[in-house]
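Note that chain A is present in both complexes that follow, paired respectively with chain B and with chain C.
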Partner chain A sequence: MKNAMIRLVGIGKHFGEIVALDGVSAEIRESEFFSLLGPSGCGKTTLLRMIAGFDEPSTGEIYIDGKSMDGVPPNRRPTNMVFQNYAIFPHLNVADNVAYGLRAQRQAKDEIRGQVSETLEMVGMAGFENRQSHALSGGQRQRVALARALILKPKVLLLDEPLSALDRQLREQMQTELRHLQRAVGITFVFVTHDQEEALTMSDRIAVLFDGKVAQLDSPIELYRRPANKRVGEFIGVMNFLRANLISEFPGGYEVDVEGLGRVAVSMRQAPGGASASRLLAGIRPEMLTLVFDDADSSENYAKGEVVDTQYLGDMTYYEIALDGAGKTVTLSMRNTAGRPILAPGTGAKVRWTPESVLLLN
Partner chain B sequence: MFAASEFSRWRRTEGFKGLALVSPPFLYALAMLAAPLAAVVLFSFWTQDYLTLDRTPTWNNYRTAWSETIYQVLMLRSLKISALVTAATVLLSFPIAYYVSFYIDPRRKTLWIFLITIPFWTSYLMRIFLWKVILGYNGVVNGSLMGLGLIEEPLTFILYNQNAVILTLSHAWAPFAILPIFVALERIDRSLLEAAEDLGDGPLRRFFRVTLPLAMPGVLAASVIVFIPTIGDYVTPRLVGGPNGLLIANMIELQFKKANNAPLGSALAISAMLIVAVISVVFLWLNRRYIRSRG
Partner chain C sequence: MRGKPGALAVYAAAFLAFLYAPAILLPVFAFNDSKVIAFPLSGFTFEWFRQILDADSLHDATLNSLFIAVSTAILATTLGTFAARASTRYRFPAKAGIMGLVMTPLVLPEIIVGVSLLVAILQLGIELSLWTIVLGHVLICTPFSVAILGSAFQNFDKSLEEASIDLGRSRFATFRLITLPLVLPGILASLLVSFTISLDEFIIAFFLAGSEATLPIYIWGQLRFPQKIPALMAVGTVLLVASLTLLATAEFLRRSSIRRTGTDAAKGLM
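The block that comes next holds the complex of A and B.
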């Protein structure tokens, strides 16, 4: 286990009556790509600004590399930030923008020039030294903002939704590049985003924030496979929720009756919140449900229903299926492999599932 | 017939509408500004011969204006005082504009700007007289200082000299400097200031490396706005300047009136205008450079 680079201890922040953050505690490890994920207004940007030093927490304490950051101004913190709008200095060219922080440290001119071109090369902007900042595209601005922060070799790089202003193609390219860059430099990245897909593809670990609280802190795989509650499950990817009733508890799990699916034995591992609540929900991902085209299939766990709607996406097909005995439809996704038919709405459907893919949520 | 239809078609074009809109003020400016200016230019090449004008073109007035010591001294003094007034006004206005832009609740900024203009609802002459009351031999400043026992004799260096001219003019032109500087400061993206801080700058270094360079268009605009009219002012130096505080504008007035030498007055006026024009062009060029680098 790597050491903690940032320790957040009971961070709270309120602006008058409004509570932006409510007792957030977390540890961000050294050399980790850590994402703060949540809908707008969940407090993720406020938290990032506190780590940078632009805002002070109302309660709690922030430690970076073991030192308390209480009362330490942004210019004395071992963090650098890539702003959402990049904040490129309009009166300076690319080289002067990138060299800004080094100039503050009063380094020798030749030394600075060397480091600037090295860093620009690292972010794929070699040869742009004398370009005026207003002549840069969105992607180039972002690279300059990255270079300007990375050249100072901070212990932590903070990124405030840096990809949200880019178009889709460039955004996907930058996701890969950022990930590679992070591995290459080995600096701890704290990345704020509202885009769950972005967080899943890039991060080592993700903290999901709702209403100023950490709803779940886990690796992308755990977060997707075992969301802590319904809200996290909904926010990350697509998840079907079916009503469930507890029948009995057995060593290592619960037996429940799920609408549309019937009796399911769910292991403890698949029930992160236990089964104490009166209203239980069974959660299952669309890709964990499979259409069975072979009538002779004799697998045990299947449900019958009818196709309500078909969405053809090329590589995938999404079906809305009304299961017999279920109050609402479920979403199911199938990969379009060779020879696999596409079912039209109105057709009867046989849906297979496995007990391991059913989650019990409160 | 043909011409009439052509005219009625032309009357419907955008060009005609624009011309119709701009004509009244254009004609007004022509009559009130361009014509007198042309007359002054013309006069400057003539010669006053007691009660008659000698209309033979000559450079003699300009030769006198540029070579005689009295005019050189007055011109240089005018330039010096205008430069000092400009510097003082901008230096005093910047903190006010900065305070309103950075420390006032955004909803109250308009109110503050409005309040700043209130002293300027009073007539300019009235304000000059008030400065005389404040700075005079038995004025507010001397009265208070003597009352407090800080001085024995009234201070005399505060009125009827160049200091008084600078003080009065700086106060008079302050709002015209505060506004453009305020606008320039308002346009600065606050995340740039955070970025500077994040990259290691303390408040002072950040000010000189980001805030001030980005506010320069406003500072330069303020300088031009204050500098140009100050050079031509002759009321303030007459009222508070004393014998050594008189400026080139007072000399121009003297030539036109008491000395009855309108041609020499014209040559002095045109010379002053040319010098101001050259200085202003330099400022505008600097300003354009700043604006261009901002994109």
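The block that comes next holds the complex of A and C.
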């Protein structure tokens, strides 16, 4: 495993009465694309600004590359930041913006010019040296902000919701480009976003932040498959929650009674938090349930119900299904493969599940 | 309010005429070939402007006024920069009260400012001179400077300074390379406005002047001599043109400052 590039140890931050961060601990690895994901106001920007050195933590300590950052000002930290509004210097042209940090290091003019055009080329802005900054589009400003930070070859690049101001198409294009860029330069990226899809597609690992606390820190796959609690499960993708009661514990798992499904034997692996509470929740992703169209299907694990709503999306169809004996409907998604019928609301439905479909949450 | 647009237009025209007609009379009589200020006009002349060139005491008063106005502009703008920056960037106790006191001279009657300063200065045993006038003028110009620079700093995006520091520059370098260039038009505007206000301020100067007269005091003194009045019209014309040019330049700079610091609002101060 790679070394820790950033170590956050029990970071707390309060602004007067407001607690913005509360005991955040995490390790961000070298050359990793790390995302801070959470709803607006959960403390992402605050944490990023403390890593950059614009704010001091109220409690706890930050280490970057093994060194404590206590009292180290932003201009002496091996980090650079891409601001949410890009903060392009309006009175300087593109080349002067990008060269801004290098000029502080008193390098030769030719050397600087070479590096500027090299970096601009890397972010897809070759030939834009003399463009005035007010004549740049949103996407171009973003690239200039990236170039301006990357030219200094920081150990860590901090990005605060850099894509949120862009329109959808450009945003998706920049997601891919940013990911490629990060792989190419091998710099640790700490990327702040409130968009779970963005975080899932781009990151090596994600820390989900709720109310100033880390709710879960995992790879995108683990986060999606095994969210630590209901709130994380809801925040990332769609998840159905059915009430469940513990029947018994057996070696390697739990036997539970799930409303609408009946008895399910859940393996330990699908119950990351154990089954301590008496009232449990069964979390099921829409694609973990399948409609059975073939009456001859002999599998045992199925539930009966009725289609309440059908949402046809071209490649996929989403169904709302009222399971017999369940208090609320479940969402189920089916890929529209050749010859597969689409069920209309009101039709009876047979839903198949497997024990692996179910995640047991407290 | 249900006034017809027509009535409003008449009102507006009358208002503007009342405001500016007297000022237009200045240049009219300044070029009129007659010692009496009355219609009908009797001919065109440069005589009154030529008289200006010969009046030594007028030159002394002008130099005094220029000295006072330049000193005032520099001091008021320096103080205004600090105050505007503090009020837009930092939080401190009693901020609203302190800023209110800084801005009060804007609405205080000048005669009160003049009298109270005179009393205080005499009590302190300070001799009246051009510097005591500068003192009074700084007091009334600083609020204007704070207002102009306040809008420049308000529109200034704080993350620009943070970005500069993040890119490895010191605080001082950041001020020099980012902050100063971006608020420079505001600073120039403040210098020009303070200069203009100080240049034609009469009441405070009258109270705080020692033996040396300023230009407005000189003009006031000359009004006792009817034969000097046409020349005063010429002086007034020069002052009018100079003031308007300076204020227009100041407003232009202020707007370009707002543009450069990245906001769309271009509402005029004047």
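In this section, the second predicted complex is superposed on the first by the 362 of 362 C-alpha atoms of A that agree within 3 Å, B and C clash if a C-alpha of one lies under 4 Å from a C-alpha of the other, contacts with A are read in each partner's own complex, and residues count from 1 in each chain.
Keep in mind that, in the parts below, a contact is a pair of C-beta atoms (placed from the backbone, for glycine too) under 8 Å apart; a residue touches a chain by one contact, two chains touch by 3 or more.
Predicted model, so just to flag it, every value in this text is computed and none were measured.
Participant: With the two structures overlaid on chain A, would chain B and chain C clash, or do they fit side by side?
Facilitator: clash
Participant: Return first, second, both or neither, reflecting whether A:Leu246 touches chain B, chain C, both chains, or no partner chain.
Facilitator: neither
Participant: Applying the touch criterion given at the start, work out whether A:Gln132 contacts chain B, chain C, both or neither, answering first, second, both or neither.
Facilitator: first
Participant: Touch test for A:Asn80: chain B only (first), chain C only (second), both, or neither?
Facilitator: In the superposition, A:Asn80 contacts both chain B and chain C.
Participant: Return first, second, both or neither, reflecting whether A:Ala322 touches chain B, chain C, both chains, or no partner chain.
Facilitator: neither
Participant: What is the shared patch of chain A, the residues that chain B and chain C both contact?
Facilitator: Comparing the two interfaces on chain A, one with chain B and one with chain C, the shared residues are 52, 54, 73-75, 79-81, 83-85, 87, 89-91, 100-101, 104-105, 148-149, 152.
Participant: With touch defined as at the start, can you tell me which chain B residues reach chain A in the complex?
Facilitator: 189, 191-192, 194-202, 205, 209-210, 213-214, 290, 293-295
Participant: Report the residues of chain A in contact with chain B in the complex, numbered from low to high.
Facilitator: Against chain B, chain A makes touches at 52-54, 73-75, 79-81, 83-85, 87, 89-91, 100-101, 104-105, 132-135, 148-149, 152.
Participant: State the interface residues of chain C toward chain A in the complex, per the touch definition above.
Facilitator: By the definition above, chain C touches chain A via 157, 159-160, 162-170, 173, 177-178, 181-182, 260-262.
Participant: Could you please specify the touching residues of chain A with respect to chain C in the complex?
Facilitator: Against chain C, the touching part of chain A is residues 52, 54, 73-75, 79-81, 83-85, 87, 89-91, 100-101, 104-105, 148-149, 152.
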